[in-house]
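Labels for the chains are A, B, C and D, by order of writing; each one numbers its residues from 1.
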Amino acid sequence: MKKVDLNCDMGESFGHHKLGMDEEVIRYISSANVGCGFHGGDPHVMRKTVMMAKENGVGVGAHPGLPDLLGFGRRHMDVTPQELEDFFVYQIGALKGFCDAAGIRLQHVKAHGVLSGLAEKDLRMAEAICRAISMIDKDILWLTYFGTKTREIAESMGLGVMAEFYADRAYNAERLLVPRNQAGAVIHDVAEIQKRILQLVNEGTVTTIDGQVLDMSCQSICVHGDTPGALEMVQKIRSSLEAHDIAITPLSEL
Amino acid sequence: MKKVDLNCDMGESFGHHKLGMDEEVIRYISSANVGCGFHGGDPHVMRKTVMMAKENGVGVGAHPGLPDLLGFGRRHMDVTPQELEDFFVYQIGALKGFCDAAGIRLQHVKAHGVLSGLAEKDLRMAEAICRAISMIDKDILWLTYFGTKTREIAESMGLGVMAEFYADRAYNAERLLVPRNQAGAVIHDVAEIQKRILQLVNEGTVTTIDGQVLDMSCQSICVHGDTPGALEMVQKIRSSLEAHDIAITPLSEL
Amino acid sequence: MKKVDLNCDMGESFGHHKLGMDEEVIRYISSANVGCGFHGGDPHVMRKTVMMAKENGVGVGAHPGLPDLLGFGRRHMDVTPQELEDFFVYQIGALKGFCDAAGIRLQHVKAHGVLSGLAEKDLRMAEAICRAISMIDKDILWLTYFGTKTREIAESMGLGVMAEFYADRAYNAERLLVPRNQAGAVIHDVAEIQKRILQLVNEGTVTTIDGQVLDMSCQSICVHGDTPGALEMVQKIRSSLEAHDIAITPLSEL
Amino acid sequence: MKKVDLNCDMGESFGHHKLGMDEEVIRYISSANVGCGFHGGDPHVMRKTVMMAKENGVGVGAHPGLPDLLGFGRRHMDVTPQELEDFFVYQIGALKGFCDAAGIRLQHVKAHGVLSGLAEKDLRMAEAICRAISMIDKDILWLTYFGTKTREIAESMGLGVMAEFYADRAYNAERLLVPRNQAGAVIHDVAEIQKRILQLVNEGTVTTIDGQVLDMSCQSICVHGDTPGALEMVQKIRSSLEAHDIAITPLSEL
């Protein structure tokens, strides 16, 4: 039976501010990327999200971001690789504290916001992220974009890498995401999204924005939980996978 | 050979702001209480302090505080036991991340600022602290005031407790610190401080402000690193202990 | 024609986190209490809220809170009167900056969260708040609970005070709010709330929880914009006032 | 009698963290650039610094920075012109609150850290800064680098601009600062610094790193208060000016 992971950002509420429909969405996914307090999330939200993931059999990942609560970690800040490594060790450690407290393991780490793209563009940043993870625990997986060079970096440090697929985003011939400001960059049609996911899981390919069919090996599909219609979309993605006998499975069990 | 631990608060610098003489003081102590970013400290300072402790054979402790950088964790905030537990899990986890990265173990936890006193006054807070520590790792020691009830709470959770002695502070007949605003509360005379430490280590007693000699079993002496004259005081305390054949030893090796 | 002000907390969104239905509610009120960045609000939200108030002819007030974004300014912190004064000068000044930029005047100041109650209990805090306001501009009004002593403090500094009425909260015989944890403390029935407001405006009285009819002179009714049903409640309160020929008027025009 | 202003960054302490020798340096300067809480400074420090400036007859300026306390406003963050404008309105307003409370006027605004350079490189940012100042009060001066284009922007908005001279930094043929990482960029010799200041004030010229003598019209000299030797340097600069009958005068009185 084929398997795929569904990952979703969670635990980004802060204090009095509630964000997303975590309680509903968590029932349909298999891995949660949990905010660690820098771009979103706070200690109470982290505890609740980890417990909720445990109760739903969902794998827990740390989702470290830049120290910019106001900008939600979505704007670039000049940080050195050493600073980025420190931010990751701090945030991964904090979330691991809640995992230890809950008696579960920390499954993975996914970089938040501008940091995923930064790791693609500046390999010193990818190295910093991999160092942070591997120094804490080499069994923690790194969930990131599909990319050859970053994979090499991680594997050279003995780290497992999982690639994620953005089913609602067009890819170009370099297998990179088409920037949001270009026509056709974002796919809204549910049937199209379902089709792209099935193609990825069953055939290991993606059809690019210019019509090429390229190999793409991804273990996880990134879904969303904080936009209007998000819950319905996740439900439909899950139904479609189940209807095609594909098991939705946490990263650590793939 | 008799042994005692010397503990000191460290790693409370923040960003551009340097606090204390950590680099000098660390050569004379055996355990460091490291700020975890809420009242002081930041991820970079935490990494450097943990590495410095490792290089000097000094035991590393987490020093969690209230989320009040402006007030340095020294003013009371109304928090619930659950909130306090979450603050501790987060901060202990974050510092443990740096310990894991450095390949050393996290030796102890000491509550910062108003929180130590709070745990004495409100046993639900002591329970919250003990829960946070024991859920993460029962082998992490709790370093706190000499107190019967808090000891019982910790031991009932299978947690090791270490008591610390304030050599420069007067104690009353209840073995509690005389409040700073009372005459004689703070002891400045080095010879007197040295004498009180030797009495504690050799005889297991303290002479109270009203002249009683009471039993007091403490494994650690709290010293300071951020006041004028602090470094010289620590050096003299260390010299005095060594001159009396008392080994200065991290908590975990007592 | 009788007049009354309707005031509502606004501008408490922060970064990516949206709070309340400010855009809708502002069309029904006459004064807005705008978050100033300590408990909620940020510079961008402040600008937008001030502009929105200007466009709707709504009086702008500063709504300073404790420096506790995580706790939304709702939990007690030990601060001195001088510290509170400084927090108010800073936040009032910041909001006044946006009023100056928009070419409107800052109409009033209302203390947020635990601070209103604190000013009632500890008159040194009321003095600190009044000092902050009067040092910046004696023409800025202080909007607060109905209270004799605080009024005296403000008036002794040459400051105008406006009292607000909580139509959905029961009052006791001391004209204080019945604590939320007591039965009957919160009134949910719209007709009852409308009746209480009309009684206040037309007769200058409130019926206490134990049935007494007491004099109460309030110039403003506090309404809410961040709970389910809030918008509908505000609309009904406004309709009821208009149906009884009571003009909804900003504090500065009363 | 010739006049020149001496400006110095001040009020960058935060909470428990003391920065610089403000109490000493303020006796030798004529204008203070006061931190506003984003990169440094807090409401208490702001009040004390404004009062200290008032007592010493020193002009008060706002010194707004990026919202990055950890990075001290010294690292680039991607912000839009609108965001920068909002950050400036907020911080200028907050400091103006303390000036109003002290009964003095806010003399000037100087952008902190990376922001001064940013305004030179990206004129939309210079416009945003000028908009923020002029919307609050057109009589507040903008203190910035010597630059033709930024001057035009400010003057087109009816804003007064004052240029500052870095006596301890080499200039290139474009009248720009030689980057710190180039040889000769920083001048340490006191006599040389004194000579450059006298040349600027008396002749209105600077000698560039490659030996050209260029016109440069600056009304203020930037001095430092937070480095070893800073106080002595400021004293010597002041003595040298006084010995040459040059009056040290706040910007607003030039």
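Everything that follows uses one rule, which is that contacts are C-beta pairs under 8 Å (C-beta built on N, C-alpha and C of every residue); 3 or more make two chains touch, one makes a residue touch a chain.
As the structure is a computational prediction, the values presented were derived from the model and not from experiment.
Participant: For chain A superposed on chain C via Cα atoms, how large is the rotation, as a multiple of 5°?
Facilitator: 180
Participant: For the interfaces B-C and A-B, which has the higher count of C-beta pairs in contact?
Facilitator: A-B
Participant: Averaging only over C-alpha atoms, locate the centres of chain B and chain C and give their separation in whole Å.
Facilitator: Taking the average C-alpha coordinate of chain B and of chain C, the gap between them is 44 Å.
Participant: Taking the mean of the C-alpha atoms as each chain's centre, how many Å separate chain A from chain B?
Facilitator: Here the centre of chain B sits 39 Å away from the centre of chain A.
Participant: Please set out, as single numbers or ranges, the residues of chain D touching at least two other chains.
Facilitator: 70-71
Participant: Residues of chain D touching chain B in their complex?
Facilitator: Per the touch definition, chain D meets chain B at residues 12, 14-17, 19, 40, 42, 69-72, 74.
Participant: If we count contacts the way the header does, which residues on chain B are in touch with chain A in the complex?
Facilitator: Interface residues on the chain B side: 37, 43-44, 46-47, 82-83, 86-87, 89-98, 100-102, 132, 135-137.
Participant: Under the touch definition given earlier, write down the residues of chain D that touch chain A in their complex.
Facilitator: Residues of chain D touching chain A: 67-68, 70-71, 75-79.
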